[in-house]
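Dumping the structure here so I can ask a few things about it.
Chain IDs A, B, C and D follow the sequence of writing; residue 1 opens each chain.
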Amino acid sequence: MEIGLIGLGKMGFNMALNMNDKGNTVFATDVNKDTVKEISAEGVKGVDSIEELANSFTGRKAVILLVPAGEIVDQVIEQLKPHLTEGDIIVDAGNSMYKHTLRRYEELKASGIHLVDVGTSGGTDGARYGLCAMMGGDDDAVNYLAPLYEKICVEKGFMITGRAGSGHFLKMVHNGIEYGMMQAIGEGFEILDKSDFDYDYEAVSRVWNNGSVIRSWLIELMENAFSKQPKLEDIRGVMNSSGEGIWTVEAALDYQASAPVIALSQFMRFRSLEDDTFHGKVVAALRNEFGGHAVVKK
Amino acid sequence: MEIGLIGLGKMGFNMALNMNDKGNTVFATDVNKDTVKEISAEGVKGVDSIEELANSFTGRKAVILLVPAGEIVDQVIEQLKPHLTEGDIIVDAGNSMYKHTLRRYEELKASGIHLVDVGTSGGTDGARYGLCAMMGGDDDAVNYLAPLYEKICVEKGFMITGRAGSGHFLKMVHNGIEYGMMQAIGEGFEILDKSDFDYDYEAVSRVWNNGSVIRSWLIELMENAFSKQPKLEDIRGVMNSSGEGIWTVEAALDYQASAPVIALSQFMRFRSLEDDTFHGKVVAALRNEFGGHAVVKK
Amino acid sequence: MEIGLIGLGKMGFNMALNMNDKGNTVFATDVNKDTVKEISAEGVKGVDSIEELANSFTGRKAVILLVPAGEIVDQVIEQLKPHLTEGDIIVDAGNSMYKHTLRRYEELKASGIHLVDVGTSGGTDGARYGLCAMMGGDDDAVNYLAPLYEKICVEKGFMITGRAGSGHFLKMVHNGIEYGMMQAIGEGFEILDKSDFDYDYEAVSRVWNNGSVIRSWLIELMENAFSKQPKLEDIRGVMNSSGEGIWTVEAALDYQASAPVIALSQFMRFRSLEDDTFHGKVVAALRNEFGGHAVVKK
Amino acid sequence: MEIGLIGLGKMGFNMALNMNDKGNTVFATDVNKDTVKEISAEGVKGVDSIEELANSFTGRKAVILLVPAGEIVDQVIEQLKPHLTEGDIIVDAGNSMYKHTLRRYEELKASGIHLVDVGTSGGTDGARYGLCAMMGGDDDAVNYLAPLYEKICVEKGFMITGRAGSGHFLKMVHNGIEYGMMQAIGEGFEILDKSDFDYDYEAVSRVWNNGSVIRSWLIELMENAFSKQPKLEDIRGVMNSSGEGIWTVEAALDYQASAPVIALSQFMRFRSLEDDTFHGKVVAALRNEFGGHAVVKK
């Protein structure tokens, strides 16, 4: 089938190749023209503009956006919309906040255009060789896209999740769980590292990944990471985050759900970005005030 | 090889069959004589007492204990010790607290007996068809046992972890991570459940387990669980715990390691055991005192 | 001075009396006409409608709103606005979310009307005999109101906090701290309660409130509460919350501030509202799946 | 009355002066002979050794220990014990772990010597001018000491808490609450500090301490601290801790009490001692492995 793709970053580039491999006609564009050239060399039909991309279709237009979450999604939709007609489909396959998705869905609906939200997981390798995808949206649009996604996903790795927004919401919660799992794994290795025992962490990851209760892709990835550096010597423990952990905690607050572990995982990430904290200063000052405990000076 | 096994609970029974399958001569006993009969019917050499078990060996004695952690381990060792001689091996394959293991190791060392600590994971199915095992102890004893464990573990699922105590410590931390992962997964489903969307949780588990970052055995088990009951309707959210989460938090406190997520997972388990909390009463009383907010009466 | 007051709930009623005591002319109204009658009997000028209230002023109009946070604030402003002219002042003295305050401030500014936001603390007794108030807004409006607030607050209990929104924001953070303090106190008593010792909690609160590091109004209130019921026997530990804890956590997320303790305090409140949890069901189901651990049936 | 005091650190020195002021005969010693000289100049009877201290009494001997928790307490008891006879009293007024107190109590009981445990709060100023003290132990010994403590404590600041160990346990839990309160206050100021508003923190502390729900000695101390440095510019946020937070969490684990906020407060203190964390490295490595997210290099 004919499919458009806007955004050729790490994920988009690989996904374009993946769709192309599966026999689809992929029209792809990006603000970076070098990337467009590069992908064209691989058989994908690289085009220079969103307009050109839209005009390349011979039939029903379905265009996947893989651009950074936030205002850029609105801008791209704004540029794309004039070239679409009733029944056409925009797929937001990025990590958009589900409330934004719901707003955009309603706005596009007024023009008869379907917005389909797809949460994807699996990293860059997944994009290339087999995604996990969660798709929400109108039945008609979702059914049109399903055969494509069945092919580019791993077996059983594609799910139609329900009405608009449900794909992004489910992916968001997935990432919240991911944050909690990663923090739990990190804490475990931290305890090992501070203990009196002396472990080979690559071997630990390997044994944990074979037959244990916590066997998982994340533990498998730790084996890879430790095989490169036994103690992660060169890495600083700076834990950046995209918005999805934050949004999961906000959703928990909205729905009054207890999510202490996911929230803590997010807060420890914030903490890791700072060299020093104001709450620490306050506590240190208090200890000095009441107990005369020395503070550490800058 | 000849191997003894004391304790034929869910794990021990399956492990006896597993060892027997792999061509070992397994002498097994339990306080429950019916279980001993049952296992004898499967080809394992069931015996009626610890003494008889010890006397069954024709050569070097190596006896695995799979009994509940705590004083029972000490009692069984006390009963077994008179029947062992220098160079013999006791394997504590249960979930003993590593500090207890270190004490017992020193006590047995004085008699020339090796205590080997093995942390095992993988559940009852793992015990039957392929364990994950982490073994700590003296080189001589560990090397004697390694060929046996290589056979009863899944491929790459056996690790020699270092000196005495290191096997139980590593298994303990594994369980701490497990607690964190499970709580994270639980929170994710709780947010889904309280959300405005309507998901099929079995399908969610399936898609998350195919290609996503959080794919793992635990998510696979959730697919099983939801296939039996779509909303876990009949289960109360009572989260019991063995000691290992507690010990992991204590280890974190001992070593001054930050382990907020593992600690929280343990505290949420405690919380789940209670119908009401005293801290809740205090907060409710305070709100009433300063703001006149109504309390909920019993 | 002349001052209007809309909303005669627990806080508003007491504040009307407080302002009246201090020699102000207070025009007060409420949807509940009985309350209006009641307050009129105390010397306050009760009026039947917002229109009447606005028309009662002989000079510059300044009207305090003490109505529930949310849409009601918008509705009352909508009703009040036609009766105000440039330079008049609306004081939102309730617990409005600071982002809503900023929006309303901008909307009213377009009509030349000042919105002043006042966060107040101290409970109902404080409203009656001496508030703690944090006031944000335009200098001109804030300076007009300052003499009034100086009189109805306790000594040093009034602060001009800066531009619009800063009063509500500061009060919100105050409440976040309050949540953390209350949870910490609750946890302390819970540990005492589960311990092997047997304490008289009223005496404990009294001693902690005299000379200790944690002496505070909250501990004083616990002494009151325990004096009524030694073990809070009749109270269920249901910890309701207004929105301010939630908003504080959201602000922490917005600003990437580490606020684990405030967040946890909020989540424990959510947890206390539930008899059972879905995360608990998930964890219990997982334990059953991998270890055959019995679940508790409903 | 005659009273001995071993340990003239910040707390002990002030407490010696306090007891001396109230008309007691105070025999005091310390390993630091300069301090002994210094206190002698203030009217306290400084002596050069524990033996001399014990021999100075004309009647029943009661000796307060104010030495660092841990082995030093055992050593000092060992030195003191030969000079005491049945019915004499050792008062451990330091921050000993309550389980150690229970062990020492039993050991001394065998010799007919009473061990009384006193938890004290109030900082160095409290030690000098009015303590808060919680006293556990045998009735006979506690009653002997009560008149002394009534005088050196603030009014209502002395409590007889029950059997041996109950004083130290209650003080420990007090400190757990203190940790939670301090962290909550710290987080509040951190959110203010990261916000878009611009507050005078000294003024904020002042207003919060006058009439608000969170008014407390800790907030009063923050006013002092901010009066010295408006943004605590020179202080690093290193939050040291004595053992009492750790022990409170351990007690919570022992008694299966939910204490997430106290636990988190302790973990954030550990975190503040580290420039980098191993759990952070693990999470950063994982993000790099699955998503190609750049790590921060050392």
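Here are a few things to note about the model shown:
The rule is short, and it goes like this: a residue touches a chain if its C-beta (ideal position, glycine included) is under 8 Å from a C-beta of that chain, and two chains touch if they have at least 3 such contacts.
As the structure is a prediction and not an experimental result, all values here were calculated from the model.
The minimum number of touch steps separating chain A from chain D is 1. With centres computed as the average of Cα coordinates, no chain lies farther from chain A than D. Comparing chain pairs C-D and A-C by the number of C-beta pairs in contact, the larger count belongs to C-D.
Here the spacing of chain A and chain C, counted between their Cα centres, is 38 Å.
Taking each chain's centre as the mean of its C-alpha atoms, chain B lies 48 Å from chain C. If you average the CA atoms of chain C and of chain D, the two centres end up 34 Å from each other.
Counting partners per residue, chain B has 123, 183, 185, 187, 190, 193-194, 213, 217-218, 252, 256-260, 264, 268, 271, 277, 279, 290 as the residues that reach two or more other chains.
Of all the residues in chain A, the ones that touch chain D in their complex are 10, 123-124, 182-183, 185-187, 189-190, 193-194, 217-218, 221-222, 224-225, 232-240, 260, 264, 268-269, 271-272, 275-293, 295-298. Of all residues in chain C, those touching chain A in their complex are 213, 246, 249-250, 252-253, 256-260, 263-264, 266-268, 270-271, 273-274, 277, 279, 290.
On the chain C side of its complex with chain D, the touching residues are 121-123, 126, 130-134, 153-159, 161-163, 165-166, 169-170, 173-181, 183-185, 187-188, 190-195, 197-199, 203-204, 206-219, 248, 251-252, 255-262, 264-265, 268.
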